[in-house]
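The following blocks contain the structures, represented as structure tokens.
In what follows, chain A forms one complex with chain B and a second complex with chain C.
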Partner chain A sequence: MMSQLKLIIFRDLLLATRSGGNWAQGSIFFILFIMLAAFALGPDQAERGFIAPALVWLAVTFASQLSLSQLFSEDLNDGSLECWITDNRSLSIYVIGKVFSHWISNFAPILLLSPFAAVMLGADISSAPILIVSLLVGGPAMVLIGGMASALTANLRGAGLLIVLISGPLLASPLIFGVGAVQAGTINSVAMKLLGAISLFSLVLGPLISRLALKIHLE
Partner chain B sequence: MLSYFANPVRFQALSKWISPILGIGAIILIIPSWIMALFIVPADYQQGDTFRIMYVHVPAVFAASGAYAFLAIASFFSFVWRHPLADTAARVAAPIGAAFTFLGLFTGALWGKPMWGAYWVWDARLTSTLVMLFLFLGYMAIRAAIRDENSSARIGAIAAMAGAINLPIVKYSVEWWSSLHQSASISLSGSEIDNSMSTTLFVGIIGYFCLFGWLVINNMLSELDARKARALVIRSSDQRPSTASKQMTENPDA
Partner chain C sequence: MVRGANGSGKTSLLRIIAGLNTSYSGQLQHRYNNKRWLNGATSGSIGWLGHKSGLKQDLSATQNLAFWSNKAEQHPEISQALQKVGLLNMQQRPVHTMSAGQKQRLALARLLLSNSPLWILDEPSANLDSDGRKLIEALLQQHSQQGGIAIIASHDNINPTAPTSYIKLEQVTAA
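Up next, the complex of A and B:
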């Protein structure tokens, strides 16, 4: 089981390094979003500092979803998913490995950029650790829910917007509690615990639903 | 029992009886509930006459949540037992549920302005209901996007069942979080409001559910007819090459 997980993670990370920088698109979108948000809000630094964590969370949410559109469709179209199945390997492991390697290659760079973005928006540098912790705790929920939407739409061309349409309503709760956790200011706030609960919940449900969806596409 | 009615012919025969009952039920319940709400029920001691919009708002949101529950259950039947009729039920229920949700949100906003001083607040009950509207719309979008009928039904069913997580949040949001939206005044065990008010409300709620059932059944019937019509077109187009060649020989100018 672990060897299968390692196999899929290494394969996907190798593909990411050879993809010509596709993994960076989410990060670039993230920075663009922050920049445009700063322009829209105008030059009042103090006001922006107050809403900076909310904007960063919003940007991370969208960036994580938009980078997910190709997560399963490539493997489905070129037949590697079918090979995986015919080798009698576990589809759940495949989904978890896929989502995890996506988290490393696409989400982690955004995570590293997020404190800089928050400071650029005028947030206090002392809030950076809590922002990173909240994104670490809430990140699994975001990529797992997005992965679920991506699996549901894997056989569609240009499903980017449809993915956001499906995962968007479900992302409301991690977003609410994520911003709440940053604004609470401490690590063990109620919002942070609820955020962790949502991540664990999506860890159970996300791979299950993605697996069902991929099975249907393979029928 | 359900598989007994999963046969389209039996469903059509049964719906000939049920559809008029629900349709007439909707009329004789909803219209009296409006009359009672506007003329008979006394004004609220705090909210005055403004609260009368409750008789549109509460039944609409009840029917909306009921519609989502219906969508999720029908999706479950369609996914597990692959009944095409259950899938048809799910597909036609989504736009109706979305309409009820929108009606509930809109009347709630109109009610919120005089009572809370704002059309909209980002409170747990309102937000989760708005999420429900987007779940309906997302379901409709995914059904429309996937061309293959079988895979559209199965993928849509999964999406609808995943969205059912939101239903308990809608229901219990007013209890879990202290919220601007009031908690339920009526329940099956009793009510906290005046008898004439709760009676009117119950009549309205049952009426809205009848309306929902009537709309679903009739949309399902027209969907079945449309499918039959498509099948006829396909069958006739199978025969077209021979008739076309016949016409060619008979009428070379055309």
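Up next, the complex of A and C:
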């Protein structure tokens, strides 16, 4: 099981380095969103600082959903998924590996940029650690929910918008509790625990639904 | 060897046997390697070669084979498989720079590394020249000598030297 997980993660990371910068789409969107938000909010430091965590979380939520349309569709179209199944390998491990490698290549750069974005929007530097922790705890939920939407639409062309439409409503709860966790200012807040619970729930349900969707696409 | 006209259900039959298609009526029963499979519930790996190669265009030949065989790129078995299909001099070439026939040969190398006694091949000679068809016959003979079996759907004139049963699927049209 672990060797299968390592295989899929290393292969997808290798493919990400050869994807012509696809992995950076989310990061670029994130930077642009924050820059434009900073201009739109104007120079009032106190007002900006108050809503900075919410804006950073909103930007991360949207950015995390970009470039998800090819997460499973490429493997479905080039026959890799068929070969994975006929090789008697686990489809659940495959889904988890794909989502995890997407988290590393697409989400982790956004995570690293987030403290700078928060400071740029006027947030206090002391809030950076709790922001990072909240994104670490809530990140799996965002990527797993997006992955699920990607699996459901894997056989459709140009499914980017459909992915956002499916995952958008489901991302509301991690967004609410993520912002709440940063505003609470402590790791032990109720919002942070609920955020963790949503990620764990997504970890159980996400791969299960993705797996079923991919099996249906193969029929 | 499964034969039949276009649309007679050759690919569907192979996908059902491989466990890729589970929405069918009727029952599939077969005994293989002392393990009983029912309704496509497979209990072992299958050497599958369908219409799609399962190869990543941006990776090299060895990187693709290393992934599917779970072996290091330098592993001698990978070089041996590439040698058997005539691609030893293209080890480091990205798949997208290969011709359709070379990609099919690489897919055959993936099959060799699967070490599965059961091969299911859907039009394995697609895109291959006459040398390529001879290569398939040689690989099938070697596979048979090692105790393996193969279920093949093909329009081409592949003539395996191993004992072969032929099945012809007839197209059923609604009255």
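The definition used in the following text is that the second predicted complex is superposed on the first by the 219 of 219 C-alpha atoms of A that agree within 3 Å, B and C clash if a C-alpha of one lies under 4 Å from a C-alpha of the other, contacts with A are read in each partner's own complex, and residues count from 1 in each chain.
Here is the rule we use: a contact is a pair of C-beta atoms (placed from the backbone, for glycine too) under 8 Å apart; a residue touches a chain by one contact, two chains touch by 3 or more.
What you are looking at is a predicted structure, and each value in this text was computed from that prediction instead of being measured.
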First (chain B), second (chain C), both or neither touched by A:D78: second
Partner chain in contact with A:L7 - chain B first, chain C second, else both or neither: second
First, second, both or neither for A:M35, with chain B first and chain C second: neither
Touched partner set for A:I132, first chain B, second chain C, both or neither: neither
Partner chain in contact with A:L58 - chain B first, chain C second, else both or neither: neither
Residues on chain A lying within both footprints (that of chain B and that of chain C): 219
Residue ranges of chain B in contact with chain A within the complex: 127, 131-132, 134-135, 137-138, 141-142, 145-146, 151, 154-155, 158-159, 162-163, 165-166, 169
Parts of chain A lying in touch with chain C, wherever the complex brings them together: 3, 7, 11, 14-15, 18-19, 77-80, 82-83, 85-88, 215, 218-219
Of all residues in chain A, those that touch chain B in their complex: 148, 152-153, 155-156, 159, 162, 165-166, 168-170, 172-173, 176, 205, 209, 212-213, 216-217, 219
Residues on chain C engaged by chain A in the complex (per definition of touch): 18-23, 42-48, 50-59, 63, 67-68, 70, 110, 114, 120
